[in-house]
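One chain, subunit A, appears in both complexes that follow, with subunit B as partner in the first and subunit C in the second.
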Partner chain A sequence: MTNRDLPPLIDYGLIPLLNLLAALAVSGVVFAIIGVPPWTALASMAEGAFGSGDGIGYTLYYATNFIFAGLAVALPARAGLFNIGGEGQAMLGGLAVALVCLGLPGWPWWAALPLVVAAALAGGAAWALVPALLQVRRGSHIVITTILFNFLASKLLTWMLVDVIKAPGDPSPETAGFAPSLALPGIEGSPLNLSLLLALVAAFLAWLLINRSVWGYELRAAGQSPEAARYAAIPAGTLAVLAVCLGGACAGLIGVNEAMGVEHRLVLSFTSGAGFVGIAVALMGRNHAFGVVLAALLFGALYQGGSELSFDYPQVTRDIVIVMDGLVILFCGALEQLWRRPVTALWRRR
Partner chain B sequence: MSLLDILSVLASTLRLAMPLILAALAGLFSERAGVVALGLEGLMLAGAFAAATVAALTGSPWLALAAAMLVSIGFALFHGYAVIHQRGDQVISGMALNVLIGGLAPLLGLSWFGQGGRTPALPASARFMSVVLPGGDVLGPVWRVLISGHNLLVYATAALLPVLVWLLYGTGFGLRLRAVGENPHAVDAAGLSVARLRYQGLAICGALTGMAGTYLAIAQGAGFTRDMVAGRGYLALAALIFGKWRPLPACGACLLFAFTDALQVRLQGVALPVIGVVPVQFVEALPYLLTLFLLAGFVGTARAPKALGQPFVKSR
Partner chain C sequence: MAEAIRFDGISKRFGAVEANCAVGFAAAPGSIHGVVGENGAGKSTLMSILYGYYQPDEGRILLAGQPVRIDTSAQAIALGIGMVHQHFVLVDDFTVLENIVLGVEAGFRLGPALAAARRRLAELEASYGLAVDLDAVVGGLPVGLRQRVEILKALYRGAEILILDEPTAVLIPAETEQLFAILRRLKAEGKTIFLISHKLREIMALTDRVTIMHQGRVVADLATSATSEAELAELMVGRKLAALPAPSLARPGSVLLSASGFTVQDRAGIRRLDRIDLTLRGGEITGVAGVSGNGQSELLAALAGLIPVEGVLLWEGDEVPQRHRAQALRRLGLGHIPEDRQRMGLIAGFEAWETAILGYQREPAYARRHFLRIGAARDETRRLMAEYEVRPGAPRLRSAAFSGGNQQKLIAAREMARAPKVLLVGEPTRGVDIGAIELIHARLRALRDAGTAILLVSSELDEILALSDRILVMAGGRFTGELSRAEASERRIGLMMAGLAA
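Here is the complex of A and B:
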């Protein structure tokens, strides 16, 4: 959505900022309702997220997942498709990571990594392929089909972890631990690991592909005006399928961070809603790869800050971050026009 | 399986289907008016939380029902403000509701009741309990097991169904509502307010999701627990599509989905002839697979209301 009436600085800077501030203001009201002074909460969250090396480690670890999840929404969005299947695509990615890691005992991590990454990409992309094909070939709405695929993925993952690859003798649904040599290098005592680099590389490649390649140009053209794209002989359908699959592949990489980087096994709820945070991240980042990285950082900070806040205030849980997530989706997505109209009017009157 | 077994599976099918049916009908009134009903999940959760909270505070299930309907209507109308007045993306606004309420309800629950996001367990007097209809001895097991013994909301839903069908197909309001989802410009040209009709559709949607939430929280359950809607909103939306946006087929789809759910409890660990033991997750996945096949156009075609998802911009 480009708006020719406004200079880019206002369009890409001021309006997202106003939307974010509106979301934060309503969050402040929620804080006040549950009896936490909003300013104290904000300060405490910032301190928790950036005030210590430990805090920064967690912030960046969460941000890693959110970059992957944000790209999973942003790439298809450029083709005009709304992929809410990040959660399910991440589950399949994690499943693929676990299968490869369990099959390569004794390999050093650097030898296994290319295979693991390829498996995660393939798992996520495969789970995105069917909804994408159904949308392009049969016109089934991708929002509905990706939601259905999220449920199917969760059933598949549960079945695999309960009946098929569960560690024998372990009461909880999770795989056996991977070989220690497979653990991705990271910061000692922190969940932050090499996956962050992987996320940054993915974001950079996404930017290169979307903003600097012919392919990306055609994709954006098709996303903005399918009619015009058809006129220019751009294969819009094929491009859309590819974009959705690339998005799914990015979501699959969440499995690398969680299974190979942190848990060193696959646990049932490893995605923990990151796929849905990706929606807010992509909306806030205006579907731009660098915007996604910044928004993911913000949400990583919110997640970590929220956890710290719950030490000071027992009535605060991770749910406050879900509320803020919802508010950001609302104000940066659905109510995007809220500030745009008055700002445009002001700009014109100048 | 004896007759009684079959009847009890059917009776639990009815019980499990009711919140789905209420939500699918809610979605019907929203989508036939041209507004995507992706927020059903969140609206039901809001209703469930409001019902459980008010029931815990006042002890009255009726006040709880009223509060749930009001809260869900409020959120539905807010969704309306975003998508009708602000012309926001309907899918995004629906997702925002789902995420927002999914976090807000347990947060408020924890802050108000201090029980880990739950509301306090309710006594029978604050809930809609099962009603035993008279005549069970005379009318036989079908009456006793299948028809009698449900809670009031089950009977209320059954009574509401023909009324809602009549409202949509038998009244001028229903005609206008359906028209606004197909061709809002024609409705506008006829001098009617598109926005007003869409808000009305959303208000009905809110009221019905509030009822569905009440059912989950204080009839089927004895209080609010986090994520208690557990995807039923999405399932109801799937049923609505499966029923091709018509009330009775949509209710049929809800019954079918509920039947697989009821059967799934029975089938756990039971070895079937030829296939052996079916993992419970496979049975649980059936409704989603069925809907997928329908959406892919392999089981007939489903045609959505023509103006679904499009903001209305008055033509000049």
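Here is the complex of A and C:
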């Protein structure tokens, strides 16, 4: 009975804000220790993330990936399953995108897009299907299997890019460039492209499915109480597989953003850990589609602000930025209850 | 009168709810003090305050005249207060001895600690007539003995004041009698016992004084000898109770559901249901009496198609295939008020309207082309809540926020509102207050008169006797007897429940 004791504005607004401030405060201490004045560091990050058109562009570009990755965790989570395989599912989505794009030279992007999106969805979903089936049919824990599938995906991608679809004569493991006509329209000066709209549409559809459809209702019922779902003759197993596959499909769309939107080819480490950030995004967004969008924006800003910060201060290495991301995850995710008790107590005393 | 304990002006609020309001009364040493009231009347809150789970907003507790502060249950235990929980808190894989010693081991080395405990427990068992085999594994003990382990646990920790929360809800009549004997003995030894119960007959039989609570306040505090069951009931509910009219004679119709050779084995290969045959006729309430855990849960689950079962199930003469049986039965018109409302009947995190459509979410009334008709569902829930007196009548409130009785009324409303052809009912009034019992019983009868075939599984003999047209007694996964309403008496059923022919 803890959650709804608070009005939504406090529950979904004030408490995440307090968590974020706590994370920033501790980050400030870290900055002070390595000799960067905390206040200017924060200002530099904010400036980097929101201070210029390019900065905003980068923030939104990162957020695009994080929305996909966040949905990849949030959708299965509503069915009670923890999908850690976003990274691998994204790789398969990327592979599918590359294969379609390489096969459609000369097509305009708008004609290819539906095919590319379908391929990305299918690639991600296919990679999620096996762990989902193993969980539902055999009880193999999905956390373990999806982690293992991340390794498999990474090996598969490496092999494909080194031995199979590598551009001839190119020393690096990547495909040949796609036809220029296939490049998604974007903003000059930043990697931001049309995929952001795709991400927002995906989030909206996820919301519609989960919160408004009968399927979503049954999915949530099965996720919250398997016993009650059985009682209500809800096919919980089928729905769980469906939810995990939909999550994988969302992760697959990261491939659209990276391959078709930014690099115009498939490069080896294109996912760059976005799949794992998705776990934090879903955690912070409370597995709600719109929450995921907001959390993805926050993490996008942290990423972009962080890289800007390491630019300004040589002692802020990539690792320090990761420490800061970790603190945000720690306070917003794992220590999410930290402020709930005192705030609830204050609210009651009112 | 010497006082063992006094509640002095205890008040406790949860948000807008006044759970306790200036509650004050006292209990004497060597007495059994009943506390009665509807669900949500504040009994549990008060006892939780006494046991250190909650702190009162105002007021204080005096033990033997001295004000005390009880911040944790550890402090409560140190002050000699013991709680026997309604849901036992025992480790199934441990022996009785290990369970009792758990957390209060006398030293770092377990061996000597257990030996010392064994000596003290032998004394306790002897002086209170609480015979339990200390080396038995708790998981294998019947419920009545587990309860004794809980009582021993409290006494071993030096309890002078014992709180028993609905202690007889899970017991068969014989076990109840044994419990009462133990409680009387404890009382004779000078212990103070708080007995929380919905069963007014037990309150009348056992207690010396009784405190009646209503909406967080004490409405009366009486010597038991000076009151009556009827007076208690009216004080509890705060109004006159309409006596349930004598049931009209059943007019059984055609057979709607019949099962033959129903057999269910658990993982260990034990037969939970053993070749059960059962027919349910329209317009008839078939009661299944028995001690919990004798196959009733499996019977309900198997009839509803929720677990795999050997045997044949016929619906109006046609076989219902095993595959997708639950869905098929729901479509044919099966309603099911499940035994375990918390885990099966509702989803704690769902809003009331979401719980109110559970199992019916695909009906045209609630869904159009795969999308929920949320407005329609909320309106319908509001209507159901009014009709079945669910309080508060707020469709957006989370299901977990309702009291047990109101949750049950909501579930009953959901399953009864569509006038199902067959209705399976498991423990419809367990832990539910008098007002809700009255309503649910009246609705069940009305449904029967309208032609529904009802299977009522209950461990409350009163309930079985009040509602059933035909009574089956269950023990060890089989029906051990069948009685018509006219033949049935508590004694005969009790004997059959214990597995003895009557």
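Here is the rule we go by: the second predicted complex is superposed on the first by the 337 of 350 C-alpha atoms of A that agree within 3 Å, B and C clash if a C-alpha of one lies under 4 Å from a C-alpha of the other, contacts with A are read in each partner's own complex, and residues count from 1 in each chain.
One rule holds for everything that comes next: contacts are C-beta pairs under 8 Å (C-beta built on N, C-alpha and C of every residue); 3 or more make two chains touch, one makes a residue touch a chain.
Predicted, not measured: the structure shown is a model, and the values here were computed from it.
Contacts of A:Glu227 after superposition: subunit C is touched, whereas subunit B is not reached.
Of the two partner chains placed by the overlay, only subunit B lies in contact with A:Ile33; subunit C stays clear of it.
In the superposition on chain A, A:Leu152 makes contact with subunit B only, while subunit C stays out of contact range.
When the two complexes are overlaid on their common chain A, residue A:Ala77 makes contact with neither subunit B nor subunit C. Taking subunit A as the reference, the larger set of touched residues comes from B, when subunit B and subunit C are compared.
Of the two partner chains, neither subunit B nor subunit C is touched by A:Leu182. Look at A:Ile320: by the touch rule set out above, it reaches subunit B but stays clear of subunit C. When the two structures are aligned on the shared chain, A:Leu102 is found in touch with neither subunit B nor subunit C. Common to the subunit B and subunit C contact sets on subunit A is no residue at all. Subunit C contributes residues 14-15, 304-306, 324, 326-327, 329-330, 336, 338, 340, 343-350, 354, 357-359, 361-362, 367, 370-372, 374, 397-398, 400-401 to its touches with subunit A in the complex. Across the interface of their complex, subunit A is touched by residues 38, 82-83, 86-93, 95-104, 106-108, 110-111, 114, 117, 226, 231, 234, 237-238, 241, 279, 281-282, 284-285, 288-289, 291-292, 295-297, 304 of subunit B. Listing the residues of subunit A that touch subunit C in their complex gives 1, 3-5, 212-215, 217-218, 220-221, 224-225, 227-228, 230-233, 348.
In the complex of the two chains, the subunit A residues touching subunit B come out as 30, 33-35, 82, 84, 134, 138-141, 143-145, 147-148, 151-152, 155-156, 158-159, 162-163, 276, 279-280, 283, 315-317, 319-327, 329-330, 333-338.
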